[in-house]
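Heads up: the structure comes next, in structure tokens.
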Amino acid sequence: MIIQLEPGCTENQLRVIRASVEAAGYQHNDVTTQSGHYLVCIGTGDFDIRNIGTLAGIQDIHRVSDAQKLVSAKWKVGHTEISIADGVRIGNGHFQIMAGPCSIESAEQISEVAGHLKAHDVRIMRGGVFKPRTSPYSFRGLGIEGLKVFSDICRAEGICIITEVMQSDQIAAMYPYVDIFQVGARNMQNYNLLDALGEVDTPVLLKRGISGTIKELLYSAEYIFSGGNERIMLCERGIRTFEPAYRNTLDLNGVALLKEKTHLPVVVDPSHGIGIRRFVGQMTLAGVAAGADGVILEVHPRPDQAASDAQQTLGFDAASAIYRKSRALREVLAS
Amino acid sequence: MIIQLEPGCTENQLRVIRASVEAAGYQHNDVTTQSGHYLVCIGTGDFDIRNIGTLAGIQDIHRVSDAQKLVSAKWKVGHTEISIADGVRIGNGHFQIMAGPCSIESAEQISEVAGHLKAHDVRIMRGGVFKPRTSPYSFRGLGIEGLKVFSDICRAEGICIITEVMQSDQIAAMYPYVDIFQVGARNMQNYNLLDALGEVDTPVLLKRGISGTIKELLYSAEYIFSGGNERIMLCERGIRTFEPAYRNTLDLNGVALLKEKTHLPVVVDPSHGIGIRRFVGQMTLAGVAAGADGVILEVHPRPDQAASDAQQTLGFDAASAIYRKSRALREVLAS
Amino acid sequence: MIIQLEPGCTENQLRVIRASVEAAGYQHNDVTTQSGHYLVCIGTGDFDIRNIGTLAGIQDIHRVSDAQKLVSAKWKVGHTEISIADGVRIGNGHFQIMAGPCSIESAEQISEVAGHLKAHDVRIMRGGVFKPRTSPYSFRGLGIEGLKVFSDICRAEGICIITEVMQSDQIAAMYPYVDIFQVGARNMQNYNLLDALGEVDTPVLLKRGISGTIKELLYSAEYIFSGGNERIMLCERGIRTFEPAYRNTLDLNGVALLKEKTHLPVVVDPSHGIGIRRFVGQMTLAGVAAGADGVILEVHPRPDQAASDAQQTLGFDAASAIYRKSRALREVLAS
Amino acid sequence: MIIQLEPGCTENQLRVIRASVEAAGYQHNDVTTQSGHYLVCIGTGDFDIRNIGTLAGIQDIHRVSDAQKLVSAKWKVGHTEISIADGVRIGNGHFQIMAGPCSIESAEQISEVAGHLKAHDVRIMRGGVFKPRTSPYSFRGLGIEGLKVFSDICRAEGICIITEVMQSDQIAAMYPYVDIFQVGARNMQNYNLLDALGEVDTPVLLKRGISGTIKELLYSAEYIFSGGNERIMLCERGIRTFEPAYRNTLDLNGVALLKEKTHLPVVVDPSHGIGIRRFVGQMTLAGVAAGADGVILEVHPRPDQAASDAQQTLGFDAASAIYRKSRALREVLAS
């Protein structure tokens, strides 16, 4: 059960509400976010909503049978819309393309990609500066100094930045330069990181783990929301299956299901989802057709020389064609 | 290596060709289909094509590095087009919708569905009369008598029939009534059945097993083709993964990959692929966007009363909307 | 619910019993096996056993909440013991080793293996004559003629034969030469084959499919049992997972669970379960420790020259050590 | 390639060695651990070991074709033995049982378990104080204060402590109280945590992720080792597969393979590996038979009241029987 509190709910009113909830044998969690104040109540007994419905300070009460409460579509009217920058919104009918290299490599590379994005009206650039790498001997990214350069160039061009954060103690240093924090698939259940991202107001794109269930993904989003940050996007980026023919298996069933189960925007990452450059176009369109609110694509000026994930990275021409087709498809579907 | 023989290749010419192949240390398999005569040559040594290229009786020679030969896209120019009936073609740019109930239940049910299909210009009706059921105590279908009724009604309406065959000894009795033999997911590696389907000229729709790899699916198709039947469609219908939220995980990566690796048409079954009625629409569109040449849908006049698979079966209204949207999408993508 | 009928139950008594079951809204399936006569009753309503408990002709009535009835451990006291030949028993405390080549290749090969087995008191030889092969161009086995030679040599040595049957129409020809019919993993849900094996009295070893759940395996065994053949062994042989380091993932959890859920003997196939020769010894012991009633091993006089599955096939010396250790372990565990 | 440096290798000698490695086009990583000093050299070109073999300061040079270098069995003679406390060793023939509750709940609970362990000569107690929980509303452990109590009681009894660390910034505070840091399955690829654990000298038990491959597990261990900590144990605790009948699928193939690929000790966690209390005994024995150097078991004075994972937690009597049997089995296998 979620109790939405009135904006001006006083401490005294809150005390009375808490006592009533406790009297019914329910545990309560006090959640204050950018846009709301909630008591998330967990319990199993019968609860007669009329017992508290008339208490002062309560705006609304919602029964939510899902184990994930705040991220559930069962209480919120409509879909969440996240405003990332002026005119850059996602969710609730707004579609965004995010594109850029796997790893930030140099100022020149950033400028080239930023120019390409601007030319095609793509407003969000992806690029990693802290790279989770399977081997300790691989390139691990340019770090915070790389992020500053990334930010300088993109801000000048009016382009927003999405980049991966790997650990809670990186957040403070990254905060001034980041428009969307990305939680990578390996960290979907890094609960300390999720807790810490609940405490900032920056939007978060939470990637599904390679073996994360839909339920676990929603639980992880609940960590961020209950920590105080409502601005969450979920991202399907391929799961691990028995099939060796592609790097991952893009699970578009998950997109269809998530769009029903949660009010949060859902993004598809076809680059990781199939991992083979020449199929990214089709899978982007399939993701849009399945209902995605956005796509995130790996793009590089010279894809074969990309510092990481070269196999799945698109060149500018191929990428441009995909932007155009996915927008066209999005319009057809909306009409 | 595939040697395409000339239509009039004589037995003497063939003997010379075989001897040359053997001299190079290659094994050969003589394959005669509806439309061609091939020697499929398997071996690992160096083979100088010039040694046989000038022999009489040879139309063309193709190196095929894939382990699957005849079904590979590496030798055949263009995509295979299968003509199922007058004006009912699939593949090579032609798109088909197949729809109907999981199980054939009665003449009335067949008539209702056939009328619905005709009204929406759907030319192929699906319906099972031999049902593979997990439990021996479940309804196993109406059998050959049901198929006859199915055929009578559909032929009168000009609608083609696709139905599942489970075992080679059913083929002869079913043959007169069937336009497409369906091989179910559980039988993808029932090699005796595949061999036997190589000996008929009826088109075959071969479903991918729930844990069949793309490579194994192509090998199974190779059984049918090398048995003598070129008229094969492949079908992605969902794989088994760790995710419990849906019955299967529709693997649209597989569609993108198959469209490159083979010249055969690829069909998507979103009904089994997600297994939940209210998501079948989105997943159909996603399948079309991924490049499918056709879709196969479970449709029933009263879906909640369907004798099997009710959970994923569409009613007429929902199905009609999907036919319309998937055709519209198909046109947008082709333009 | 399972109604065990008295051996002398008359047709009139049976009619009364059936009517009572029907009156309660239950469907019934009449099953006669080598050793029993049962009515398997399927239904969901309340059923007061007292209403039929006193009827003549009934030996016992068992509620079985599992969906799989006759194979469930919930009704049968103790474990099933299968006698394969004089002094060759499996289950209910009896342990058997089955060993031999993947494919039968020649009389010489059979004799060598048979001699080896006899020297080590192994009473059951495995060997395929109909081989399910992924590629249509691979060696498919020596067929029925090979089986006759196999049988001649083994019978002379007092060794039993287990070999794979792929299709129902092979059963009659194979019947005189086979002591245990093996159903391969690819055919776990080939229901026509399972039905047909219900009609013979030869023991059947049913392998779990590479993506078959424990529940589906038990349902498939229920096909054979309800068809009339109680003499069923189940076999864990590795499942398909995301892990590429071994051919399959041997699922010994399944052995532990099966030993609780069913009264049937459970065999482990470590050769396929890991697919790498030098680990088969450890995995055999692990299987025995998990509770297996038998193991089935690939053994060949010259394993590197085996016609199929050479990678996982043991030579005689390695195999002998495994026989010895697994028997020793079995004794330790029993004490 | 791994260059083992002499204990007294001077900075000048090291400079010459590095220059020679660079001249050959190899990247080098300088690794100093508790017991050694290494240059891990990564490159693909030909490298003539004779060019550097005679340089001063080098103790030994090993070609290691595996991508994981320091953890590979290819360079180290024999198996790593880790001494956790006086007389508490694991690996290289030494076997350890670790047992205790999922979560530390109270001083009384700790005392009860410690007494039980002491009575059965189990020297290592497990117990979580920082609990990674799928839901943010679940009990997350008693934290550092709980750990202090845990430590006080166990130290007094001469029992070592293994407990989970979730994030690098917890390490310093936990360090004085912990004998083995456990990295949980969800954090197998939390590279910042692995890096940080490379900087302490406390032994680490690294659990395989639920969808971690053997290769990825070894890479993660390489992070810790190359960070400077050689004292690593690997732990198989069940993987995620399609099978819903158990919480995870214990992958004992992984144990057999790891024992060949790495010199590090391998521990099995049958409690999580099957997740059902009454099967933990069999799976423990199976793990021992597969070659495990240790097992880790969930044990609680009143298992049904355990604060977490009650379903798989053993009571004292069941646990005692398992200790006895697994030790007996271990002896039989060693003899």
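Order of writing sets the chain letters: A, B, C and D. Residues in each chain are counted from 1.
Note that in this section a residue touches a chain if its C-beta (ideal position, glycine included) is under 8 Å from a C-beta of that chain, and two chains touch if they have at least 3 such contacts.
The shown structure was predicted, so the numbers you read here are calculated from the model rather than taken from an experiment.
A comparison of the A-C and A-B interfaces places the larger number of contacting C-beta pairs at A-B. For A-D, the equivalent interface among the listed pairs A-C, B-C or B-D is B-C, as over half of the contact pairs agree by residue number.
Each chain gets a centre from the mean of its Cα atoms; for chain B and chain C, those two points are 33 Å apart.
Averaged C-alpha coordinates give centres for chain A and chain C that are 49 Å from one another. Separating the centre of chain A from that of chain B, both taken as means of CA atoms, is a distance of 39 Å.
Shared interface positions of chain D, i.e. residues touching 2 or more other chains, are given as 211, 240-242, 244. Interface residues of chain A facing chain D in the complex, by the touch rule stated above, are 27, 29, 40, 42, 67-68, 132-137, 140, 166-169, 186-187, 189-195, 209-211, 216, 219, 222-223, 226-227, 240. Every residue of chain B that touches chain A in the complex is listed here, in rising order: 211, 213-215, 239, 241-246, 249-257, 260, 273-274, 276, 278-279, 282-283, 285-291, 328-329, 332-333.
For chain A in complex with chain C, the residues that touch the partner chain are 211, 240-242, 244.
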